[in-house]
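Both of the next two complexes hold chain A, though its partner changes from chain B to chain C.
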Partner chain A sequence: MAQKLLEVKDLHTVFHTEDGTVEAVSGVNFEVYQGETLGIVGESGCGKSVTSLSIMRLLPKQTGEITKGEIIFKGKDILKLPENEMRHVRGKEIAMIFQEPMTALNPVYTAGEQVAEMVELHLGMSKKDAYNYAVEMFRKVGIPMPEKRVYNYPHELSGGLRQRVMIAMALSCNPSLLIADEPTTALDVTIQAQVLDLMRKLLKEYNSSLIMITHDLGVVAEIAQRVAVMYAGQIVEYGDVVTVFKNPSHPYTIGLMKAIPRPDVEVERLISIEGNVPDLFHMPKGCRFNNRCPYAIDKCMEMPPLFEVEPGHLSRCWRYKEIKDLLKKEDGVDVGRG
Partner chain B sequence: MLSFIIRRLLLLPVTLLGLTFLIFLFMSALSPYALLSTYVNNPRQLQAPGAAQNLIKQYGLDKPFYVKYVSYLNQIIHGNLGWSQTMNETVVQVIKTRFPATLELALYSIIPIVIVGIWLGVVAAVHHNGLIDQILRVVALIGYSVPAFVLGLLLLFIFYGVLRWLPPGRLGLGFEMIYNSPAFHHYTGLVTIDALLNGRFWMFLDALKHLIDPVLTLSFLSWAGLLRITRSSMLEALGQDYVRTARAKGLSERVVINKHARRNALIPATTVAGLMFIGILGGVVITETIFNYPGIGSAMAQASEQLDYATVLGLSLLFGLITVVGNLVVDVAYALIDPRVRLG
Partner chain C sequence: MTLAEVKSIQTTQNQSKNDQILLEVKNLKKYFPIKAGVFRSTVGWVKAVDDVSFYIKKGETLGLVGESGCGKTTVGQTILRLIEPTGGHVFYNNVDLFKLSKGQMKKYRSKLQMIFQDPYSSLDPRMRVKDIIAEGLKAAHIGNTKERYEKVRDYMQRVGVSPTYMNRFPHEFSGGQRQRIGIARALVLNPELIVADEAVSALDASVQAQVLNLLDDLQQEFHLTYLFIAHNLSVVRHVSDRVVVMYLGKVVEIANKHEIFSDPLHPYTKALLSANPIPDPTVKRKDRIILQGDVPSPANPPSGCRFHTRCWLAQPICAQEEPKLEEVHPGHFVACHFWKNLEDQNK
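Moving on to the complex of A and B:
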């Protein structure tokens, strides 16, 4: 197997608010190997973005805090790095692409300047070389007329182009790990596919690893080799994509899969998971999904550990063994898709 | 960018025409005889019997208003704003001798306002809710709530009345005589700069001593306002996605704050600076009066007291002109900071 690039161990991240301290991420573990893509899936507010910001150590300074855990990157715990060393990791070793290309670029600087300043910083290039390099990066991510586009301001570019600028920026220093926080959510569907294709192509070329944060299982199926499903600050199911999609073993994963509209199955209305993600101040006792779970039993009032369904496939559900049979009995629809 | 500036410059004459028309409307409220004072360049012209009648005819004051307006414009273009009874010279002469003093006062006020106000605003935002922020908040609140005439009188009382450190006026008596002597070259009309250019360092210090109180009085309010605006817009900018992007790129906190956040925070601050400019013109009248500072502000106050229409209207025109030009400068600065403005 490829080398382990990143290992997150028992990560706990809290936010100090005026109403008290809440835990947004409670004991998350996962690994990312060299050159592979890990998808982190979950609804809004499940802690997936906070996890990525914790890895970058970019939590809001006065409110966010990592209280426990280790983040081992290339054999070193980056949580213990002093801030000035962490800066050399950010952008150069671990780069990030954000969700909103509209607001993630600074409106008062040209697109080229925003790429070039990073290249200048990490690769020690002169301003002129950095600009030429930016033009090359723009060409690589498929921006037409890159020599002109580097002098454009963000408001002069379309959403798709801006996201390409973000990708060019993130990949410009050839990072080992790329974290993409819902990079396609704000884009048109056709543009989404283009951007995903582009990312896949470039990852291969650079042999970089990717953490793809998304709420869309379709995106995960398309780009990731392994997947972590997050719910209310915890990983509830973890494994490689094929296994998890074939044999989902947590009711939440199953719910997410059912919620994908399928043209081949006729339904009267779109299926959704009842209820909302619990608010961080009022977590249910025991399994955090128990108030929305159709298969909840008394045992679910206790917090389940992560069970190994099969080697490398984990599920945080007391009934992980029976869940497949329960499903079949219920409606006969086979949710697993290979 | 250049086309933006040219477009703005082309608009300038239109604005100025509007300004003269407004002043002209005020003038229409005057009796013909009072109106004459805004045309006549020398009071002796009025002394001959029947002169007033002749002059009314000569300036076309009995004609319809559009003829009067054109003749008024004609007078302005030829540099004739009438006779100032209060100063006993032409209004144009009043402006010539007094405007540099006000300009000097304004320059010494605006530059620190912009630099210190913005800088402290950024500092306060970066140390959000910290000790520096709390102190600055109190100082800004005081600056915001104490009116200029209270602050001015207070400063005058303490630093002149009690301590005798900072006298009113523009120069001490001895230096005033040197300043008015033919041997002294008036390069700019700004005492501090002329003093240095004439190699008179002590005179420069004396002029500065006279400027401290009025500058403080004039700038405190605007300074506090700009600090507050910069602080809040900086706080907002620091919470933006592009600041997070900048941090994620591995940029140092200094670059993140001074390059990425501050430039954006300056956009609202610039808007306020434009409004401030008008506030300062108003403040000049009060400040110069309190400190007996011989600029156009104190001239305006004296003329108003004595119903000296010609001076009041002439200076109003000047104040209007300054406002228009000031706003032009702000607009250009705005476009320099924010590329999105340049399109419009």
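Moving on to the complex of A and C:
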């Protein structure tokens, strides 16, 4: 088996707000192996972005705080590193790609300068070498006319090109781990296909690992080998992509899969999950999904642990063993629809 | 026979019985001026919608799909004259809406309603929900205050928001509930046609399904006709009876949804379908088409066929001659010189 690159252990992240302290991430555990892609999928407010900011230690200083847990990267707990050492990890060892390239890029520097700055800082290149390197990186991520594009400011580039600049920047120091937070959500579908294709190619070339954070199950299915489904600050299901999609064992995962219309299969009617995502101030007691779950029983007033459904496949549901039979009885619908 | 097949037979039967055209868009044009210099003189035009024609049958859902900048939103807004068109006609029950005066148009406003994309910015934050929903009634001089609020209560119930919340302000609701309020506001005027512009794109997956199901129920109950504008192909496939595909201000293909999805005849439609991620890791995509380059600027569109710069079937003629939108099979329109090649490939 490939080497374990990152291990997140019992991560708790809180935010101190005017109305009190809320826990956005409550005890998240996962690992990322060398060269693999882990998808973290969930709806807005489930804590997927806060998890990634915690790994990068980029939480807002005044309000965000990691209260518990370890983040072991290459055998070292990076939560214990002093800020100046963390700065060498950030960008060089772990790089991040953000959703909105327009706000993530600095509008007063050219695209080339921003890539060059990374390699000057982390690899100690001279200004001239760094510029040539930036051109090389631009070519690698498929930006046409890279010699010219390095002199463009972000606002002069299209959304797809900006996201390519972000990818060039993230990959410029050859990091072992990339974290991409909804990198294709702001892009059109034909451009999304280009960017995903490019990322897949480059990950292979660099043998880097990727944490892909997204709300789109389609994107996860296309790019990830393993997936963590998050709901209300916790991982509710975790495992190999094929297993989780074919044999989902948490009612929330099942609900999500039934709720989204598919491009390749027609259904008469979507089956929606009733109600809304709970807000962080008013978490339901016990299992956090119990107020929306069609299979909730009395036992669900207690918080379920992550059960092992099969080796490597975890589900945070008391009824994980019966859930398949319950579904079959209910409507004869094939859950994975496969 | 599967459920989908039964439904498709039923819809064809319904169509033959009820083929009445509710709205017809003919040669619609909307150009936006590009202004520059101290005196803001016009230096060029963005042809956001350039010679677009299609029709919507009574009781159907017509999906209008395309990427950002293709003009789909502008089409929706010009049909309702929320922005004034540059040219063309829109016939609603055989009345040309573009020929009406502002006063005459008012009479039609209640019949043609809109649901907007962003449930956060489309509701006035300083108005109570009951006044937001009743505003259209008030503008149309329907009923007195008491009767109007009675109607508000009724319609809130129907879209699934408790009427006890009618005195609250929009910020007190979640995104899904706000979208329901937006739907109630459109519905309360008893419209015939609703233009839904990206009505579910801002919602989370679980809530999106609730709103899509609600729109479906309301269509049955009130015999509504929808123009459903969206960029998400899966959603369009789910809701539509027929689909119009736009690219850079032009219609490239129109067909019923079964044909669009199983037998696309325009290369752009095919590429769009191929780019759409499928939430199933075991589906192997054969002949995946990944388009090169970006969508060109509508201020300076390519000559001839506007898609030729990204098209893998393009020949010299595509850069010179613009293909006409032709009916190649009954009800299936396509604007491509080489649609036959694609049809052979599909087989």
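In this section, the second predicted complex is superposed on the first by the 327 of 338 C-alpha atoms of A that agree within 3 Å, B and C clash if a C-alpha of one lies under 4 Å from a C-alpha of the other, contacts with A are read in each partner's own complex, and residues count from 1 in each chain.
Here is the rule we use: a residue touches a chain if its C-beta (ideal position, glycine included) is under 8 Å from a C-beta of that chain, and two chains touch if they have at least 3 such contacts.
Not measured: the values here are computed from a predicted model.
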{"item": "Superposition on chain A - do chain B and chain C clash or fit", "value": "fit"}
{"item": "Partner chain(s) touched by A:V108 [first = chain B, second = chain C, both, neither]", "value": "first"}
{"item": "Partner chain(s) touched by A:M145 [first = chain B, second = chain C, both, neither]", "value": "neither"}
{"item": "Partner chain in contact with A:Q62 - chain B first, chain C second, else both or neither", "value": "first"}
{"item": "Most chain A residues touched (candidates chain B, chain C)", "value": "C"}
{"item": "Which superposed partner A:R90 touches (first chain B, second chain C, both, neither)", "value": "first"}
{"item": "Which superposed partner A:L326 touches (first chain B, second chain C, both, neither)", "value": "neither"}
{"item": "Which of chain B and chain C A:Y153 touches, first, second, both or neither", "value": "first"}
{"item": "Touching partner for A:I297 - first (chain B), second (chain C), both, neither", "value": "neither"}
{"item": "First (chain B), second (chain C), both or neither touched by A:N276", "value": "second"}
{"item": "Angle at chain A between chain B and chain C, C-alpha centres, nearest 10 degrees", "value": "80"}
{"item": "Superposed arrangement (fit on chain A Cα atoms) - minimum chain B/chain C Cα distance in Å", "value": "7"}
{"item": "Contacts on chain A seen with chain B and repeated with chain C across the two complexes", "value": "none"}
{"item": "Residues of chain A that touch chain C when the two form their complex", "value": "43-44, 144, 158, 160-161, 188-194, 196-197, 215-222, 241-242, 245-246, 255-264, 266-274, 276-277, 336-338"}
{"item": "Chain A residues touching chain B - in the complex, by the definition given at the top", "value": "56, 58, 62, 84, 87-92, 95-96, 98, 100, 103-109, 117-118, 121-122, 153, 155, 166, 169"}
{"item": "Footprint of chain A on chain B - complex, ascending", "value": "128-129, 240-242, 244-252, 255, 260, 263-264, 267, 337-340"}
{"item": "Contact footprint of chain A on chain C as seen in their complex", "value": "3-4, 7, 67-68, 174, 176-177, 204-210, 212-213, 216, 231, 233-235, 237-238, 261, 271-283, 288, 290-295"}
